[in-house]
Every structure is written in C-alpha cells, then in structure tokens.
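Have a look at the structure below, then the notes.
Residue numbering begins at 1 within each chain, and the chains themselves are lettered A, B, C and D in the order written.
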Amino acid sequence: MDFAFTDEQDALRQGVRTVLDTECSVDALRAFELADEDGRAELARNRWAVLAELGAPALVVPEAANGLGLGDVDLVGVLEEAGRACLPEPLLETAALAAPTLAALLPDRAAAAALAALVEDDVSFAVGGVDVTVDGVVSPTAVSADGTLRTPRVVGARDAAIALLACRDADSGWQLHAVPADSCTVYPTPALSSSRDLSTVHWPLDSETLLAYGVAAEAAVSLLADRAAAGSAALLVGLADRMLAMTATYAKERHQFGKAIGSFQAVKHQLANARVALEFARPATYRAAWSLATAQPTLSHDASMAKAMASDAADLAARVGLQVHGAIGYTWECDLHFFLKRTWALSRAWGDAATHRRLVLAQVRRGAKGTRTAMSDSRQ
Amino acid sequence: MDFAFTDEQDALRQGVRTVLDTECSVDALRAFELADEDGRAELARNRWAVLAELGAPALVVPEAANGLGLGDVDLVGVLEEAGRACLPEPLLETAALAAPTLAALLPDRAAAAALAALVEDDVSFAVGGVDVTVDGVVSPTAVSADGTLRTPRVVGARDAAIALLACRDADSGWQLHAVPADSCTVYPTPALSSSRDLSTVHWPLDSETLLAYGVAAEAAVSLLADRAAAGSAALLVGLADRMLAMTATYAKERHQFGKAIGSFQAVKHQLANARVALEFARPATYRAAWSLATAQPTLSHDASMAKAMASDAADLAARVGLQVHGAIGYTWECDLHFFLKRTWALSRAWGDAATHRRLVLAQVRRGAKGTRTAMSDSRQ
Amino acid sequence: MDLTFSAEQEAFRAEARAWLAAHVPADPLPSLDTAAGFEAHRAWERTMFEDRWSVVSWPTEYGGRDLGIFEWLVFEEEYYRARAPKRVSQNGIFLLAPTMLEYGTEAQKARYLPPMASGEEIWCQGWSEPDAGSDLAGIRSRAARNAGGDGWVLNGQKTWASRGAFAEWCFGIFRTDPEAERHRGLTYFLVAMDSPGVTVRPIPQIDGETGFAEIFFDNVEVPEDQVLGEVGAGWSVAMATAGSERGLSLRSPARYTEAADRLLQLFHQRGGPAASADAVAQAHMDAEAYQLHTYWTASRVARGHAVGVEASCNKIFWSETDVAIHGAALDLLGPDAELLEAGAPGEWLDGYLFSLAGPIYAGTNEIQRNVVAERLLGLPRG
Amino acid sequence: MDLTFSAEQEAFRAEARAWLAAHVPADPLPSLDTAAGFEAHRAWERTMFEDRWSVVSWPTEYGGRDLGIFEWLVFEEEYYRARAPKRVSQNGIFLLAPTMLEYGTEAQKARYLPPMASGEEIWCQGWSEPDAGSDLAGIRSRAARNAGGDGWVLNGQKTWASRGAFAEWCFGIFRTDPEAERHRGLTYFLVAMDSPGVTVRPIPQIDGETGFAEIFFDNVEVPEDQVLGEVGAGWSVAMATAGSERGLSLRSPARYTEAADRLLQLFHQRGGPAASADAVAQAHMDAEAYQLHTYWTASRVARGHAVGVEASCNKIFWSETDVAIHGAALDLLGPDAELLEAGAPGEWLDGYLFSLAGPIYAGTNEIQRNVVAERLLGLPRG
C-alpha cells in the first residue's frame, strides 16, 4: 500500500503547470474566446504543438508504438492541470481516450495508422458517439436515410485530424471507427463554454475506418466510457481547485462592512464546505486512475465514484465561487466565468453525479463491482 | 381569497396555548416521562380532562352529534399548539382522525356509539392499521392463525377507551373497526419518544365493531391518511416553531469566545435557514386544513405537500437545534430532547417527506391532483 | 379562510387571459439586452399600456386600473402562463413606482409615472457602487448644492445598473452630507441619463450580453424637483424600495409556478433518473409554497397590515427555488444541457444563468440570513 | 502508487480475522454506559490484551505489536467487520496514549500504558468545562502548587467526560498560571478518579443513559509525576491529542465502511423509495472516500511526512458521513424507525443518536470550518 505519486509524477505535473501558466493563462483564454475562426484555429494549433512537445498526448502510448510508455497514474496529474488551466484543446479526448483505445487495438491496421498520426504527426483527436446513462452506455449517433451517420456533441472536431466515433444499432451492435477529418462534415454547435469545442459530425459508414465491431467494440466503448469518467473527474478536480483558489484570493481582497469578506463566517464556511468536498474527491479520482492503470475488476465502480464525487465537488466550488464573487463574478470581465462554464458542462458530460451514483450502486449490488459492460441488464 | 384565520380562530389557538403552557410545560413532560405506569396514566387522564373541557377533542364533531361543529381550519391551530407543547396525548388521533371519520359514517350505529363516547364520555381514541407508502395506503395489520389481528405501532392504545383500527386482505379489501379497549390486548412498544405512546394491539375481528368495509372502508381509510398527513404537518409546524424559539433563546444566552454564540454567522445562518423552511411550510399546512374543510379535489396533493414540507422543516429545526445547543442539547437535562424525539418520530410517521414528495408528483402527473384512493395504480 | 378567487377576480383573469392570447408575440422577442431587443420590448410595453395592462395596480390617472393586490397576482399568473415578454420597464414600475407613489410629490407622480407606464421612459437603478455592494451604506457617490442653490451637482460612479445601457432615467442614492456616517446624509435622486456629465459603460455579462452598465457621474446638474422624498432621508426612502423588491412586488409567484410547470413537462417528456423525480417534485412544491405564502401575506396586506419582516424570508426562498428549478432542468437535459440551441436546452441554460444572480442581487442571501436571524429570531447583531 | 496490501499485511489480516471470529462475543455486550456493561467491555479489553490485539500499533514493551499504520488500519477494518464490541478504553488508547508516547517520561509510559492496554485502568478525558466548550482556551479549572511544593492542588469542574462515571483515571488540562491569558499557562495533568476531593456526577444523555459525567475537583492533591509534558505547556500537549483525535487515529474508516455496508444490506432487504437509492449510494461512496483519504494520508505519514492541516477536513467529513449513513437507514425504516426494538431498528436509532454528537464534539464542525478556511484557504481570522 503506497497511495502516493512518485517524485517523477509530481515533476511531470509541475512541468505541465508551468507551461500552461503561460500558454493557457486567463489572458490566453480571453484571446481565444474573442478570436475569429482562423485566429482561434491558429491559437489551438500553437498550443497543441506545445503540449505535443511535452509529450502529453502520447503519454500512455506504449514505447513500442513510439509513445512515452507511461500509465494512467502519470496521466491523471496532467489532466488535473489541464482542468486547472481550463485548457480548451482535446487533451482528455486525445491522450486519455483515443490513445489508449487505439493502443489496445494494435496491431489492427486502422488503429496503428491512427496512433501513428497521434504520436508522429502530433494531431489532436475528436471523440464522440458514446453517452453514459443509468442504464449503461448508449450511442447518440443517428443513421439517416442516405446512410450518413450523425453524431451530436462531438468534442474537438473542428481542429482534429481524426475523429474516434462510435455508433450502435440494435441488429449489429456497436461499431468503433477512426474517421479522417476530411471524411467528416463538421457543424459547430453553439455551446456554453468556449473552451469546450462541440460539433455535430456527419460521417460515412466505411469499412476502411472500422476499428472494432460487435463484442470487441462494445468492450472498447465500455472501457472508453470508464476512461472518460475517470479522466473528466481529473479535469473537474483541477477546475474545482482553481475556482477555490481564485475565490479565496478574491475573498481576501474584497472588503465590505469594513473588512475582507473572507473574514465573515458565512463566506468561510461556504468555501470550507467546497474545500472539504474537493479534499475527498481527489483520492477517489486518483484511485480511479490507478484502477485504470492496473485493470482492476472494480474499475467501473471506481471510475463512476470518481466522476460522481468530482462532479459534485466542482459544481459546489462553482456555486460557492459565484456566490462569493457576487455581481463581479457575473461579468465577462471577471476570470471566473471560464471555469464556471467549463464546470457546468463537464459535470454533466460523460454522466452526471446522479447517473454515476446509480451506476456505483448497481456495481455494488452486483457484489463484484464488475465491469460496466454488463451493466445494461442491471436497470433498476 | 382571504388566506387568514378569523379572530375567533386566533383566540381559540391562544386559549389552547395558555392552557398547555401550564398543563403541558416541560416540567410536566419531565414528570410524565419519569412517572411509573399508574402515575403516567393518571397524568394522561388529568390532562385529557382539561383538553376535553376546552372542547378540543370534539371540535370538528357536528353540532347534531353534540360536538362543537367547527372545522379543520379551526382545528389546525389547535394541533399546531399541541405540537408546540409536545402534548403526549392522542389529540391528533382523537380529534382529527377518529372524530371526523366517525362523524362521516353516521348514522351507522357503531359509529354513533363511538362518537357518543368521544363527545359525552370524553374518552381518547387510539388509531392504527394504516401506513402511507409511495404506492398508496397499506395496512400493517397481520392476521394470525387463530383469527386474531395484530396491528403494530398503534398510537395512544394504553389510555384509549376505543381503538379505530384498519385491516386489509387481498380478497375482501379494507375493513375499519371501532374496537373497545376491553376487547384489545395492548403490548406497549419501547419507542423513541415518551410523548408518543406506541403499542402493538391484538384484536378480534368482530362484526359488532365493524364501521365500514370494501369501497366505503377504503375511502374512509384514504381520507384518514390525508387527515393524518395534514394533521401531523400541523404538529410538526408547532414542534419546529418551538425548537427554533428554544434554540434562539439559547444562542442569545450561551457565550463562547467572549460573545453570545447567536452573534456568529455560522449560528445565525443555520437558524435562518430553518426559519425560512418553517415560514414556507406553514401556509402549505394551513392550505391543507382548508382543503380538508372544503373537501377540495386537490386534498391528497395538498395534504402530502404539507406533510413533506413540514417534515423537512421540523427535521431541519431539530438538526440545527441540536447543533447549536452543542453537548448541552445532548443531555436529558436540557428541554430540547423531548421535541427532538417527537420530531424524529413524527416526521417519518404517516409517510416521510420523500414518500410524500413522490405522492405529490403522482398527483400532479395525474393532472387533476385527484384523490389518493386511486393512487395505488400510479406506481412509478 | 377562503382560498378561492371571487367571480369578479375570475372574470378579470378571463379578460387578461384573452387579451394576452390575442397580443403576446408568437415568437420570442430578441434579448432585451441588445439595442433592437430593448426597443422591441419597449414597443410591447406600449401595446400593454394602450389597453391598460402595463400597470394594473396603479391609480387610473397614471395609466393603471386601480386594482388590488390579488388582481395583480392574478394578472401575473396569466402573464407568465402566456409566456409573455420580459418587462423591460420592471425597475421603474416595480421598484421606483411604489416609492414614488408613497414619497413623491403630485407633480413628480404626474410627470414620471405615465411615461413609465407606457414604456416611453425606461428606468434603471443606481444602487450599488464598486465598493458598496452588499454594504449599501458604504455609498460614496455624492451630491452637492449647485452654485445657484436651485439644484444639485452629482459626482461618482454606480454599477450593476440593469438596463443601464439603454435606459432614459436612473434613480439612486447619493451622499448629500459628507460628514454623516453610513446610513445618514443620503438623498434619493432621479437623474436623466442624457444629462451632461453622465457616461455609461456597458458591462458584458457572463453570457456575453450587456444587461448591466456602470454609470459615471461627472458634475451632473440635477434640479431640485428631481429629489424624491426629503433631502438626507434617502436611506429610508431607498429601503422602502428595497422592501418592495424583497417583498411582494418584484418576484411574483407566477414566475416560479410557471417554470416549475415547464420543468414537470420536461420531466414527462424526457423521463430522467429517479433522483430527478424528487427534485422535480420539490420544485413544484416550493413554487406552490411561495405562491401560498404570497396569498397569505397579501391577505394580511388586504386587511390593512404591513407586509412584515417575514418578507426577508421571501428573497432567500424565491432565489433558491429559482436556482433549484433551473438546475433540475439542466440535470434532466444531461449532456444536452450545455447546448445553446434555440428552444428547450438554451432556454433552460439562460434561465439557470439568470437564476444564479438571484442569491446575489437585491441584498445577497448572506445578508438576508442575517436579517432573518436578527429580526425574526432576535439574535444579536455583529 | 500501489493500492494493494502486501502479502504480510494480508497474512496479518487473516490472523486478525480468525482471532476475532473465534473471540468476538456472539451476543452484543450490554451498553457500556451501564455499570455491568462497562465491566463486560473491560473484560473484552482484557481478552484482546491477552492475545496482543488491544493496541497493535504500540511498542511491544507496553503490550502492542509495534505495527505500522497500515496494519492498524487493516486491524480496524477487521474489527468493525467482525462487529466487535465498542472500545471502552478508547479515550486512553487513542487520545492519551499518542500524547504520552510523545511527551511522557519513561516512568510514566511504564506506569500507565500497560494497564491502559489491558483495560485494568480506563481513562476519561477532562477537556471541556461548562463555559469552555468550543472555546477550550477559556478553561478556568486551576492547579496550584501544594504546600509541600512536591505536587499540585486541583480545583474546578470538567464536563462531558465520556466514561467519566466509571473510569479509574482522568486526563485534562488545568490553569497553572492564573495571570496568563487563554492558551498560555495551562498544564496537562493525569488524575486518579479515587483521589480525595474528586466527585463525579453522571449526566443522563438524551437516550436516558449516562455516558457523560461532570467531574468536580475540590482541593485534589496530585503528585508532580502526574504532570504530562512541561508545566505551562498544556495547550500544545493537549493539541497534539486533539490533532490525533481529528486526524487519523480516533475515527478509523472501517467504522463507516462497515456501517455503509450494513446500510446497503438494509436497502437490499427492505427496498425503499428511489430517493433512498441516492442516499445509500452516496453513503457508500463517502465511506469509501474517507477510507481512501486515510490511505492517502497514511502513505504520507509512512513516508515520514506530518499528517498536515488537511486533517481538519476529516472531522467534518466523517461526522457528516456518519449522520448521513444513519439518517438514510432511518429513512429506509420509515415508520419503524422510532421503535427501540432489539436488532435492526433500535440499533440504527442508537447509531443515529450517537452520530448526531459527531458534528459537536472534538471541536464543533463550525470551528473546524473556520480552521479549514483559515489554514487551508488562507482566509483572514475573525
């Protein structure tokens, strides 16, 4: 039993933080939101190049596939820092979802080609077509009359070179595809957070892009959903940490009734409650990363628990953050809103806290805290 | 639209409060809890006699049956005061459940006889055999091999002259009986609150005691459940009010860190939240009384809403009350515990807040906010 | 006790419902935080005014119908039920007008109320300042006698003025006695926004729109007859407005019952995890409890009693109910909640953002809890 | 990072599980707040001590096994899993012993620790006073040099002493310098409860039992070697104990994971409204999160770091988790919740009453939230 990060892991996290402090400062977020379409794409491209130079996207790609060969416990701190910085680029999607999903499908040719693009061409990936519900994993991908697939809420599609997309129909079950961007038609979706790039993607069903189907695809998609829950929990922990830090700083500076508002118990106790929630969401999130890294049989349970606790902790930090900032926090000029919006979106993406609570309970009722694949029959 | 009590109603409530301030002081509650069985019975008898002299038990009995001919809107203030005083005797059961249930069954002979005992002999009634669940009203009464019925958690059976008891079996449906005490065997149940007298009652099924069966009994029992929800809401509002008053007083007197603890925001805001919950539970409770008095089609909805809000308000007042009192509140010497225990018991009796929230939703979904009778088919 | 409306009140309800059905724009107006949307909303106010629906509770001489509080509540229920446009004139008609009816001169009422009722003149409020948010008594904007002695010169800065970007008039309090402390020496002024020396800086909100503004006053001349109430009595005059803001008139219960009804529909359409059922039921109950509480208070008022300090509970309750209703809707929408599409998702998201301001403005809920604890429970100050 | 226990640790777990299976009384012992129950619990301590299970983390010379913090956590997990009796000696072994091991003389450790480990001498704490509850620095009980100069004379009153009615010894702080203010001039004393001048008044609890006591000190003579740590350093010595109370050693996570498991069983047996499913799931997660957090902190400690101020979060979290677990159980029991029957309902009701004390003792959660805000978030005091 040694529930701690290594010095190397701490150093990696610190390195990412240092880079993001510059590359993804609040000024950079503001410029990103105000930029036109071309400017936005260029800013995204430049920041992604810096992340790629750090090795972040290929962190968990095996060395045999020219990746860094690290694991999910190394990655979790990096994701937490990405959350903390409100990084708009699809690091979760590329490094924590696409990379390990593709690596697990090697030596499949399509997977190998996509992974090579990730590692060698430093491209980012979009991910979509998988939703988490209390009844298990479902696909929102729709098939239209002409055979085109339509997947809503795909993250990162505008800038991605390849989209990892899933679909499911009742007859043939799940399919997982790696679709080149030039085969996709991308319709950006107006959404809450400028640092979460959502689109509806139209794409052709093509055997050339098929990575897996049937049982293999279902397993891959289920594991991807667990990865997404665990990874988004890490982002949310980072977001909560940042919002609490910003709010504590503001509470020390803002004076009313002749003293810093942070000296009022009403403010202190709200912040303390949010701090306590974060304190206990964190080990749950790190445990989920370890369960991923070591393929624990409790993985689905652990990932759901992490997402439930991190979503609640981040939602509380957002709520308290806005309340303590008062009207200032309600303005675009205040930095807070970038983090609020990202939190409100992410706490509900990949299954919200209530959904994951039910999934945790279903796992516990099954006794073994088994894998999520079998969850669709545990409706209650 | 005139959502207010009349001067007469206010005066009635004030009169009851004045009497209970003496007859049901905390010292009286303490003596009642410490008394032996005979002493307890005598204290109960004496206090009931005072209540009977006020006319409280027969308040809603029609004048034609020698009652006071008042209504549920008159009664609700009296019940609130009974809650405020933590009155141990079964005023809810006698005045708000047995009396109107019997009156509605007139001129039935058994009902008339029982009602006469209530009005003229000033006896108290026990009530049992009806539970409220999310699936509607059920009976916990069990039938044993020898034909004896066993009803758990009957309130007020030790001192009652007559027990109003319900049972149900799948074949013949509901039955409602007025069973003389001398036909019952009463096994007192150790329970949380000394001011709530619970027993398991064994009683014989006897056509002489039958008040109603089948559809008529089901309607009577359903209405009784609504009356119980509305009436216990009034008791809980009174309990919440009293606990808040006691706690505010304590918070003004108790000093720590050089000032009254009530001047700390942490204490203020907990109490304020409980006060707000009470403020909004109150009109909901009074509306339920009016809906009873005027037989509104929304009665079941309104009674469930009152019980849900009053249970939550009283539970919050209890929680805050104990937290603000600190260790003192955890002692038997402090007055608070009488009210805490009564609250914890009553907030779950006759359906807890979660149950009634579901019943409210079921009523709303049915569109008409219809009566509870038909609720057993609205399971969801 | 009688919780039914009279035949006359029901007839009034039917009349209001019919008028609204005939007149409410089929498509939602553009956002009132844009210039075009502002004018569209102003035109709607004019439409209502022409048929005497804009201020039903006001005296007839100023454009109202001289109706009682229950009729006002009935009108509001119908207004929200019809999903009619937001009231661009709400700061004026709900906050300033009650104060003006109580403290204003006859000349002021005659001058200001009719164009307020018709939407010809829209008012914003100049309450908060950068360093006086929750602590309103810390106001530093000041008014001094002008050279001629027949008016005042205003200097300073106000902020969080809703509609401030487009309004014709502003009401607010300024310090007229710089020696006096905190709540003393303040005076309530009415200021034309086109007065020389007034500068407006719109503040982009969290959603990018510009509902708020900062207003800078640089030697702004204001004549004597634009003082509302006594010189130096601005705090008590302002508190009367704040009282109505927190009390009965700003947040009519219909707003919450209507939103809770829509939440129920969303739940029926979408289903949702069982956990949501509790949130939906609680939202329904809280909205209805707020409605009942308003009827309760209005019945007191109708009998000639004051609203009472219980009104300080209202602000906490409606603002938290609003957040809960919209939060529950977003939970039902799940992964669609972040979409800013027209129709259901975007509307709930807008509503959620708006609701989050509720626990902050009109006195933060922290301040309100102090008030409840001190005034309703008698706990010591400080 | 490795979240598995080593083979040695698993072997130790198996050994503990086997011993407990063989020795834990089949029927629950009578309440330890009665004289008979107290002695039955003392006998259980003796049974554990004889096989070296009562204080596994202590040095072997005092009756322990010199095991590390993870082994202690494993033992606790097995202890709660076995539903073994409450620890009547917990104030001594979990609160006093860590302090004594750090601040005690060799003679003190040799004198007091073995009989503490065996249950021969049970300790209660003399912390709070009637006017010093949350504000411990307000302590007024005092100790003065005795006439001979070889000891101390204690006067004053302590309250809320758990087990105080039956304990042999008491530890607590007394004011030795009456001129010093608040946290200064306090000294940590060990007092035999049979000393002349000690009077105990049991305090009936909310449930009628007498777990608490008031202790009156009337010129109680205490020899010099019953001072723990330096004279005048009582506050820092006491805070070390309070630190362990709030930190790792008093509330082992096993207590909550065991209760959450029982709650899950109750939910499976009884079913329950859907609303309960969320409460049950949250209880499970919170108990497990507390366990994980403890492993996290213990890993720091095992690497030689201090526990850290994060421990102030623990008290808030475990106490609220405990209330939530037991409250959820009562909700599942519904109308049966008020029954004081043997078995499930009564047990959960007892547990609920006990849990409600959690947010109060060992520093109220209000005080803890101040600590979290000030020490973890850097907010200003006062």
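Simple rule for what comes next: a residue touches a chain if its C-beta (ideal position, glycine included) is under 8 Å from a C-beta of that chain, and two chains touch if they have at least 3 such contacts.
Small disclaimer: the values here were computed from a predicted structure and weren't measured.
Asks: Any idea whether B-C or B-D has more C-beta pairs in contact?
Replies: More contacting C-beta pairs are found at B-C.
Asks: Tell me which chain's centre, taken as the mean of its C-alpha atoms, is farthest from chain B.
Replies: Result for max centroid distance from chain B is chain A.
Asks: Which whole number of Å gives the spacing of the CA centres of chain C and chain D?
Replies: 53
Asks: Report, in whole Å, the distance between the mean C-alpha point of chain A and the mean C-alpha point of chain D.
Replies: 41
Asks: Which residues belonging to chain A are in contact with no fewer than two other chains?
Replies: If we look for residues of chain A contacting two or more partner chains, we find 264-267, 269, 354, 357-358.
Asks: Where in chain D do residues touch two or more other chains at once?
Replies: Residue numbers touching two or more other chains: 274-275, 277-278, 366, 369.
Asks: Which residues of chain B touch chain D once you look at their complex with the stated criterion?
Replies: Against chain D, the touching part of chain B is residues 131, 133-134, 140, 153, 189-193, 196, 198, 255-257, 264, 266-267, 319, 322-323, 326-327, 329-333, 337, 340-341, 344-345, 348-350, 352, 354-355, 357-358.
Asks: Would you pull the chain D residues touching chain B in the complex into a rising list?
Replies: 128, 131, 133-135, 138, 159-160, 203-206, 208, 212, 273-276, 330-331, 333-341, 346, 349, 352, 356-357, 359-361, 364-366, 369
Asks: Which of the residues in chain A end up touching chain B in this complex?
Replies: Those residues of chain A that touch chain B are 264-266, 269.
Asks: For chain D, which residues count as touching chain A in their complex?
Replies: 1-6, 9, 70, 264, 268, 277-278, 280-282, 284-286, 288-290, 292-293, 295-296, 298-300, 302-303, 310, 313, 316-317, 366, 368-370, 372-374, 376-382
Asks: Taking the complex as given, what residues does chain D use to touch chain C?
Replies: It is residues 274-275, 277-278 of chain D that touch chain C.
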